[in-house]
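Following are the structures in question.
The same chain A turns up in both complexes below, where it pairs with chain B and then with chain C.
What follows is the complex of A and B.
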């Protein structure tokens, strides 16, 4: 599969279909996002479930892809994207962060094993280019265990988990959808600053609420958590609620208006848009 | 357009987390965690996530500065280096030991090695030390006399599989967040957690036992544990017989430390002490974790050796998930010690008084080396104040905030005839200098750091240095050459590591080629050796291979509360800032979390004194006085106050007591007598 990805990337680059390929690079056994501009480098292009490509750069608070697009307005970038990454790009585009017209998405499928590891419900992109589509994970033991608890037990469960929080902001930093310039998690009015653990539940609720309808279920928040708070569990449940209440699923359709952006006026609410995109 | 991610090692605590620096067209735009790293596993703390911000601060030094009539004027490198070289030569010709050098736990192994080589081979003095003196000097002395090696015995991830973890004097969740991760994971798997700390710290809410000792009574606590274990026959008799010596001396000493007497000394209820001692002793794999809460005392060495006594008594050394684990506070404080930035040893803890070792280094460095051990950090400041030290050269340290009794430090530094500082910012210390040299940060140079678990890891250059700043290793080489030395010709840091490997047995197997593929834990004696995750497996590192028990009597701290100064003051770090704030206070999010200092005071004490939350109060000791905000919290027990030491405008170290441990010369930051008063009415 990786050879197919490299071959296609080479074809896109050499055929000038794109100016660069955004993917993962392996170097000395370490894997990290990289922008390939020469076909000769593509032997180091790799795929891995460990890293995603779209992160918001801290402290400048701008998505890396948005930043690249803003700096080079005439560049077309090819991007190797799994299902969750394609969904992230769609949500980012919907919110004015990236310009899909200047992206060429190479949608790749995850393996069954990878899907299981990520507890992913939809381990493939809508526009699948490379790989075989496998079934999503429909049963989640953690969710079942949580739902089998009584309400007081659930409260106690979350109190215990959130008490461990060391306020690294890693859940937010690793989230492709967290790009607000003026993050409410940092603000004293919502939760007192300078304390550990951060105020329960407000510090976490602010983000959970704000991300609920844009969460694409990639689980990067949970993987970034130093104290293993089961964030994917809560976000899967929130995604279910959003689906039930609004018949909305994040990352599926760039034209579909997001419920939290809906107003009673004709015009949907605007997100903060980085200048130049 | 160029976008890449450069893997490197975090410049904050000693956990040794790795992360990527994100670089877009040569500009540092952020940090990404590294998922495959042994400790960080794709996670970071708030400081790590924000470790790129200070690098690009507008306040970075970009040109050499020379002071003329009290104000700094920009100068060329040649001019600045010539000025320093000329001055240092003058003092060297009169008396080498009138010069002192502070090396840096923030700098790389290669730079620390060069700095101590410069001090010894070029300046001709052993007066070289660094801030390890102020944090874990007692660890090096205490664990060497007990085990033969002064470092963390086990590796960080082993905590996860311990059955019992005893944390004493370490606020792990705040000071070493990614190490706390493994303590919490052990807890979730069913381990027992014993926290011994006067303050209620983040970990205590998860602890099975929280023993709140009176500050400074740690030896009595350990002796109490040992008394209970021996009285109940819970010791590991075979381990004691086969692997140790001195048990009779220990047995005799601890006889007097019955739980009732220990309660009198420490104020820990005796039933709790007994239950915690049993829990520790009965665990299959028990780890001790400690940090500055036990080292920064006039009894620092005693405290450390006491923890070693407890571990050996129960056979908890030399196997996985056990041991005595000092958590080092700085990214490279372990390495700075390993590489000999200490007044009594060369790299690899080879003594300057050992003729064979000295001959080896004289031969390698082609210089006559001084025989007498040099001065430690606090002694340097004392001698400077007395006029015996005339010139100090400081690399990347800020004693004007970090050292005890700052007023006295200022007096010493101001009395100097010459002070040169190389740093990345114009720190409080650099402001007092005659010449300031702009250095590079971790993001702008190659090298290695050694983490608290003895893991040597790569630091990689991600971006070009700002302005005319130069890497610390280059500055040392330039200066050595300006002083006429021919022994500082290195093309790159990799060459320095090769020299280190050739002279340092525990680093013999290290090279950049190997380290590029991943970290190596010392001892790593040969190119094929895989490194050593835990120490003392078959025998201890002492000459006869045995661990040694020390019978240690409890001693009171140097200064106790009295009528005039009724509170016990303790100092330390907090999650959101680091040391003297040079880096973290240039980071927006961290300043948002905690913008300035405060004094923690217990609710009843505050009420009695009529102090309300957030009120500006005066805190005074026999050394000095500061004004700071009151933070009323039950985190501190009644009678105790706590002040974080990061903040220059209300510097805790104006207050602290420079009384030293007699052997390790570490000051007693953790206990002194203070009074706290309202300022208005």
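What follows is the complex of A and C.
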């Protein structure tokens, strides 16, 4: 699999189809995002579930792909992308962050183990280039456990979980869809300086609400969390809700505008949907 | 023990609902005094964060009042409110807060009576639900 990725990347670079390949590089046992410009470097190109390539770099508050595209307006970048990364790129393009015309996406499929690890519902890109399509994980115990709780039990559960938060902003920093330069989670009104844990549930609510319609379900927030708050549970539920309410799925079609950015005439809302209670 | 008196926060849009509240006043319609009104220029100004902030700061219920769909002074402001509040309701229920504590209603400038009705009904509902449990969560 990795050999196929390297071979194709080499072909793209040598054939001048792209000017550089954005992927993960292995160096002394460590893995980090890297922009490959020479075919000779490609032996170190690797794939890993540890990183997503299209996150926003803090504290410079720039999406790294957007930054590269702006600095080099005439280059075409090839990117090794899993299903979630491809969906993230589509969502980012929809919101004017990256230019898909100047990207060549090498869609790779995840293995069954990787899909299980990420609790991924769709572990393959829509434009699959390398690898075999495996089935996604449809059943999530965390979701069923939450839905089986009564309202007071849910509140108690979240009170316990959110109390662990150390306000590291890891969830936001790892999220490919969190690209705002001015983040509401840093505003004094919504999260006071010097408070630990941050205001419950406001701090996490901000992200749940802001990312609700654009969550691509990559699970990076939950993976990044040092205290294991099950953030993905609500995101996954919201992905279902957005689908029920607006018949919309994030990261599928770059032409389809997001529900919260459109009017009711442009994208109607279904009135009768089963409640979350 | 005295009956539980809920604290209710209402966001009223400047063009319809605030004028509707005004009309309820000048027409001398009776409604419970549990409500505190914040005037916003458009119901589209009401971010779901405001509602959560109100609930965690001690409000027992939050009313969001705006113009009827199609009558928005800013054409599409209330379309956005409607979509946002639908998602907010979902998140509230997952968090364990009764989504009935937030209600979105359309009240026009001519509907003073309806304003009084909505406030009365909502206050009764909040009395039934009891104190907001989120208040205790805030340390």
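Couple of notes before you dig in:
The rule is short, and it goes like this: the second predicted complex is superposed on the first by the 262 of 277 C-alpha atoms of A that agree within 3 Å, B and C clash if a C-alpha of one lies under 4 Å from a C-alpha of the other, contacts with A are read in each partner's own complex, and residues count from 1 in each chain.
Everything that follows uses one rule, which is that a residue touches a chain if its C-beta (ideal position, glycine included) is under 8 Å from a C-beta of that chain, and two chains touch if they have at least 3 such contacts.
Everything numeric in this text was worked out from a predicted model, so none of it was measured.
Model built by superposing both complexes on chain A: chain B and chain C fit together without a clash. In the superposed pair of complexes, A:168 makes contact with chain B only, with no contact to chain C.
Residue contacts after overlaying the shared chain place A:186 against chain B, while chain C stays out of touching range.
By the touch criterion defined above, A:134 lies against neither chain B nor chain C after alignment on the C-alpha atoms of chain A.
When the two complexes are overlaid on their common chain A, residue A:146 makes contact with chain C while staying clear of chain B. Contact with chain C, but none with chain B, is seen for A:212 once the two complexes are overlaid on the shared chain.
The superposed three-chain arrangement places the nearest Cα atoms of chain B and chain C 10 Å from each other.
Every residue of chain C that touches chain A in the complex is listed here, in rising order: 48-49, 52-53, 56, 69, 76, 79-80, 82-84, 86-91, 93-99, 133-134, 137-138.
Looking at the complex, you find that chain A touches chain B at residues 20, 22, 25, 28-35, 37, 50-51, 55-60, 64, 67-68, 71-72, 75, 163-164, 166-170, 173-174, 186, 193-194, 196-197, 223-228.
Residues of chain A that touch chain C in their complex: 146, 149, 151-159, 184, 189-190, 199-202, 205-206, 208-209, 212-213, 233-234, 237-238, 241-242, 245-246, 259-260, 263-265, 269, 275-277. Contacts from chain B toward chain A in the complex involve residues 1-5, 7, 20, 22, 24-25, 29-36, 42-46, 48-50, 52-53, 173-174, 177-178, 180-181, 184-185, 188, 202, 205-206, 516-518, 575-576, 587-589, 592-594.
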